[in-house]
Amino acid sequence: MTKKTLIALLLLVAVASIVPFVVSNYRTFQFTLVLVYAIALLGLNILTGYNGQVSLGHGAFYAIGAYCAAVLMDKAGVPYWATVPAAGAVCLVVGFLFGLPALRLEGLYLALATFALGVSMPQLLKYKALEEWTGGVQGIVIAKPDAPWGLPLNSDQWLYFFTLGVALAMFLLGWNLLRGRVGRALVAIRDHHIAAEAMGVHNALYKSLAFGVSAMYTGVAGALGAIAVQFVAPDSFSIFLSILLLVGIVIGGLASISGALYGALFIQFVPNLADEISKAAPWAIFGIFMILFVYLMPTGVAGALRMLSERQKRHNFPAAKNEEEVP
Amino acid sequence: MALLEVNGLRAAYGQTRVLHGLDFALEKGSITALLGANGAGKTTTLRALCGVVKTQGEVRFAGARIDGRATEDIVRLGVAHVPDGRGTFLDLTTEENLRLGAYTRKDRAAVAADLERVYGYFPRLRERREQQAGTLSGGEQQMLAVSRALMLSPRLMLLDEPSFGLAPLVVRELFQILRRINERERVSMLLVEQNAALALELADSAYLIETGRVVLAGSAAELKRDDAVRRAYLGY
Amino acid sequence: MDAFLFQVLAGLATGGIYASLALALVMIYQATHHVNFAQGEMAMFTTYIAWSLMDAGLPYWPTFLLTLMVAFLLGVAIERLVIRPVEHAPVLAVVVVFIALLVILNSVTGWIYTYTLKPFPSPFPEEPLWGIRYMSPHEIGAIGITLLVLVALYLFFRFTPLGLAMRAAAQNPQSARLVGIRVGWMLALGWGLAAGIGAVAGMMVAPIVYLDPNMMGGVLLYAFAAALVGGIDNPWGAVLGGFLVGVLENLLGAFVIGNELKLSVALVIIVGVLLVRPSGLFGTVHVTRV
């Protein structure tokens, strides 16, 4: 990590720590959800952005994570903080197993398979045989945790910091994973899987692993989301959630770690903004925002920022520019 | 009168400049060859002329500026390009490929007559008319590419390495037909070739291009006698 | 046995609708290599236009033809105005534009027409046709119209210069320009035709499921599955896939698992088929050069 990024990161954490003290509880709750989405988006970005496997059904892993947390808290009395790693572990396994047959599917076919997963998930959660655990259509209500150790924080603020902590850990882990060997292998498979195989990258293993790790991130996000919202029900995890996650990574920036954060801000706040602009057809406004973002920043917010900073660099060091101007 | 006039033609792929201000002209009814080594910019010149790559400089066809115009508009003026790699529609039949060549023409009777004439030049294509173009041999595909260009009833044909990858006998046959087309139908041709000996045999005049510039121009006979050309491109 | 036959035939009727929409997806896919996720909503929107026209007193068949024309123009307009600017954007960015179109059309329709169900007439009589009691006249009619559309498209692409030019533009845009074809317009025409086919599907499905802004959600998913099962690069395969998926869905719902999980199970089976035959039942296997 360069000194500059370290300073930027610390600054970001400092700003993030002030947020819950200057905004209302409701806004704090919204920012908690931004962090939750950011984790989920990073997960999806590992699979789709870095590894090139398009998933239209990541909402399913989010749902599994959320239900893990809810069932463990509701049926087994597990403390909330312990459900997060548990949800991550379950999703890691489920994701890895789903990734094995998905290896045979490419491009659109994988998109359909994951789409099917996303569509089926609410139906499965409503299924009668599972009702004893999942609460059927009614879902499960869970209690909001209070701040421990007598910290002077209300439950919204505490949950925000708890989520911030998890998010930081997950982002550092992701950053570590993606900048090295593993990241390069994933990108190599995305760009040219045959050449990657020829260079000794174990395609099948890496692709399944990408699926597992991606699902784990999304599952952790699902668990945190369930705790924050205090409620899980099948219809909160419709295919629309999966599609929203995909929109998030594209608009945030594919194959970019910071893109997950921009995407999370987009999917959390732009629908609200759209709702304020037009009560009658808020989704139409949201759709227009999506189109505008893609027109203005086809490589996402992260891609646009990268381009801006490169232009800035070139501007600052004109000597480094050795190519002559095309007449 | 010059059918094609090119002044200061420049072109680049991204940051890499390929043409650095090319000047040449093509007389109406003539066959003019562009010679040069690999990477000299011959193919890029043809692509620039029909608007496939972005260019700067002036290109006049029959007196009117065509630089900066869309490929399909340039084609509609009667400029037919036979690209390298032949540009065949592999999944369509031979005859469908030929009909596409005449896509912009409205004179149905004349198109039907031209189809017959093309089959007359290349009887092999008639035998293969219902066959998928992708299944034709290399030589047949080259014939198809030339025929497709002829179906436009062009005033100017741009031929990009028509000899490439063909057996010498097939090349000879093809070049004889090109000569006949030029003589009988007064179709002007701009020919790009690496095989300089072959090109100079067919062409009336020629330009030698090196790294994106014209370094020598003259009639085919003059270039054949030129010592530098002989040593570098003809090999004797 | 009677019940079985009944379900198979009913499946064929809905399958015909999936087939139409699958065909629309394949058309746009072949030309641009994009799956238009907004295809279903475009069909839904144009069906509402048909409803408005009939509400204003126009009889069925004039409405039908007028709707096809409106759908065609809508498709062309969307391609020119919305899709054109992202022609060179990354694939997933285009997917996001499709999703945006989907939510915009859905939301705008809900806003104009509300989300309450509306009945939509069928052009076919209520009484059983020719004493056939296994299928309703509307089901027979829907299949007939699907096949009619298919034949018309085949004739258009096979025998008209414009159809040939569209095929050429889809296959090899660069060469198509070199014979003077305006490739951009060919894509727009393709979108127009696809929107027209979608409108037919919408008007055929609406009498069965009632008119509702969300009516095409499930249909689009099945059509997508049908297109992939048949082979996304093969229009005939897509149509066959549509009928296959329709029958499969109906049989599963009626005899095996009930309606509750039929969507999930149908999808699992489809994905299973794709695992065994990754390019679809009738698709061509693509060989890549390294």
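Each chain gets a letter, A, B and C, in the order it is written, and its residues are counted from 1.
We adopt the following convention: a contact is a pair of C-beta atoms (placed from the backbone, for glycine too) under 8 Å apart; a residue touches a chain by one contact, two chains touch by 3 or more.
Everything quoted here is computed from the prediction, not taken from an experiment.
Comparing each chain's Cα centroid with the centroid of every protein Cα atom identifies chain C as the most central.
In this assembly, the chain whose C-alpha centre lies farthest from chain C is B. Chain pair with the highest count of contacting C-beta pairs: A-C.
Centroids built from CA atoms put chain C at 43 Å from chain B. Computed from the mean C-alpha positions, the centre of chain A lies at a distance of 32 Å from the centre of chain C. Distance from the chain A centre to the chain B centre is 54 Å, each centre being the mean of its Cα atoms. In the complex of the two chains, the chain B residues touching chain C come out as 50, 52, 70-72, 75-76, 80-81, 83, 87-92, 96, 99-101, 103-104, 148, 152.
Taken in their complex, chain C has these residues touching chain A: 35, 82, 85-86, 89-90, 92-97, 99-104, 106-108, 110-111, 221, 224-225, 228, 232, 260-261, 263-264, 267-268, 270-271, 274-275, 278, 288, 290.
Within the complex formed with chain B, the residues of chain C that make contact are 161, 164-165, 167-168, 171-172, 174-183.
Interface residues of chain A facing chain C in the complex, by the touch rule stated above, are 48, 54, 101, 104-106, 108-109, 111-113, 115-116, 119-120, 123-124, 126-128, 194-195, 198, 243, 246-247, 249-251, 254, 280-284, 286-288, 290-291, 294-295, 298-300.
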